[in-house]
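In the two complexes that follow, chain A is the common piece, with chain B as its partner first and chain C second.
Moving on to the complex of A and B:
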């Protein structure tokens, strides 16, 4: 799947600006960004639920516009409820199978059992959590090559969140395909995500493997003056202070020629910390 | 087994270390099969490619072996190899670090030796 210079405007407000990227086959992506960064808009454009103002989305070389063949290869799980409140769970599975012909009913039954979802219940009777669970189950059972998950764990308790990600990894191991997971709970997906897409202010700020990102993300901690000296001129993306103790977060190469003082320590940081610091900047800029 | 996502160490190295430790402590016994990539991926929600990368380190170290179509098995001399490796690392990881800290605290060689003797008595 290829995105070519996608932009989206609502009136004069530009929500997405010039997004170009290529989704690799059989890869688990984390789509990260603050609230309102444009993640959901992007996912909706990919599946042709809303039109882009400009730019193209190609699936196996075919534009996704009104193209059932192309759209049958991609599935979006998202918050809006597309089902009739009167429809029963098993009817929704059947309805889905009409469009996604390879729907795995056996897996769907296993999953409704594991999650404790009664297939005879009507959609309107399900709680927020179970609505998410139903949509998650469908996402794991459709025979699509690209599965987009927009906040898949909305309303799920910790046990169900863990169970969902376990099932996701297992189906991925059985039948590798591309997942794009958009969530605020970064820690929960950090171990699964092979590639990170970061949207900031409607632009694609990062598109890189998790391993490569974490390999060049550091915290430098020690007495304030020494830390400032050591990180001067480096790409400092944020800091924390505790009295005179300071941590600078550096994204990018450290200067190997600089001598690290005894009182200063350099450590790696995790994905969540990196994300918070990379996306905090715009707030500060916005306040100026 | 547990994996610390906050750790500064890449996840695939943690996977390798955790399995190595389980072999060393006998949880995965000599000649026995270790959990599959999918099982470990599922249980800890780790990308299967990451788990495989960790396992390949253990294959390269001669601790586990792939049997075609059946999975990974613990090799005969795996425990002994880990013991030898850890003995070599003991000096680097424990002794040298201990001496750095002892110097910070102003403890001299004799003081360390008597503390080591006390450790053996109490431990």
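Moving on to the complex of A and C:
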């Protein structure tokens, strides 16, 4: 899938600006961004649910606009409920299998059992959590090459969330394909995400492997003065303070020629910390 | 294009809706009067016509198609969720309307023929009877007259469906609140406009006469005969043109469909 200079405006408000990227096959992506960053809009554009103001989406070289062949290669699990509220769970499976012909019924039945989802219930009678579960199950069982998951754990309790991630990894191992997971629960997906897409203020701020990003993300902790001296001139994306202790978060290469004071330590940071610090800048800028 | 799959799905839901509409029409026209008669002790006054009224399928078909045509959003949502584009959605729905209009009217005509022995007032007030009354004498061959009446019946059904499809496609672009406002507001405005137009001077009356002439021509009036000599080709061509224009408009608006933000 290739996105070429995608922009989206709602009236005068520009939600997405000039997004270009290429989704690699058989990769799990984490689509990260603050509330209102444009993640859901982007996913809706990829599946042609809403039109882009400008730009193109190509799936296997074909534009996605009203193109059944291209759209049949993607499945979007999203918060809005597009299934008929009067349809029963098993009927929704059947309807889905009518269009995604390789739908795995066996896996769907196994998953409904594991999640405790009653297949005879009508969609409209399901709780928010179980609606998410149903859509997650469908997402794992369709034969699409690209699965987009927009807040897949919305309303799920901790047990169900863990079960979902476990099943996602298992189905991915059984049949590798591209997953794009958009979520605010970064810690929970950090272990499985191979590539990070970060949207900030409607623009694609990062598109890199998780490994590469974390390899150049550090926290430098120690007495305030020493830390400031050590990180001067480096790409400091944020900091925390506790009394006279300070942690600067650095994204990018450290200066190997600088001598690290005994009282200062350098550690790696996790994806969530990196995300918070990369995206908090815009809040601070906005408040100024 | 996955037209076949989309068509099969839409046809199944359309047929299901038709079945339910038929059940409700039967309840309203046959069962409730039967129960009322039973409760009031007048069962003896009921005859075969009350149980097998002619035209019941026509009513059910029309009611079903009006609802099916006007409801755009639900089936679009399901289609786009399953990777079906707007083009395919429009084509499949239009094909289903055509299929239901054709098959439904065929079954309705056969049903009317079957219940004829039980009906003393066979066909009175049905669309088939009205169309036959207007156009039956156009050809000297009765079979041709029958076929033409049936074609016009199907076309009339399609024209009504096209109208509601068009209205539904416009409404589907708005949020629920705006839809309700439009559904209530537009007819009120139209009624007021008609009253105003009806009350203005003679110049407008002349214009209305001109409109009436066009409508009469569409109905088949050739200008030199009464209703006996109505030309069925006028409504045939007008109906086809009307349907093409409205389905074209529907296609245009359907391409603008989108899911909620």
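In this section, the second predicted complex is superposed on the first by the 288 of 288 C-alpha atoms of A that agree within 3 Å, B and C clash if a C-alpha of one lies under 4 Å from a C-alpha of the other, contacts with A are read in each partner's own complex, and residues count from 1 in each chain.
Basically, a residue touches a chain if its C-beta (ideal position, glycine included) is under 8 Å from a C-beta of that chain, and two chains touch if they have at least 3 such contacts.
No experiment lies behind these values; they were computed from the predicted model shown.
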| item | value |
| --- | --- |
| Which superposed partner A:194 touches (first chain B, second chain C, both, neither) | first |
| Which superposed partner A:170 touches (first chain B, second chain C, both, neither) | first |
| Partner chain(s) touched by A:28 [first = chain B, second = chain C, both, neither] | first |
| Touching partner for A:268 - first (chain B), second (chain C), both, neither | first |
| Which of chain B and chain C A:256 touches, first, second, both or neither | neither |
| Partner chain(s) touched by A:211 [first = chain B, second = chain C, both, neither] | first |
| First (chain B), second (chain C), both or neither touched by A:162 | first |
| First (chain B), second (chain C), both or neither touched by A:106 | neither |
| Overlap of chain C and chain B interfaces on chain A (superposed complexes) | none |
| Chain C residues within the chain A interface of the complex | 1-2, 5, 8-9, 74, 77-78, 80-88, 255, 258-261 |
| Chain A residues within the chain C interface of the complex | 10, 40-41, 44, 47-51, 65-69, 71-76, 80, 82-84, 95-96, 98-100, 144 |
| Of chain A, residues touching chain B in the complex | 28, 162, 165-166, 169-170, 172-174, 187-194, 211, 214-215, 267-271 |
| In the complex with chain A, residue positions of chain B that touch it | 3, 5-11, 37-38, 41-50 |
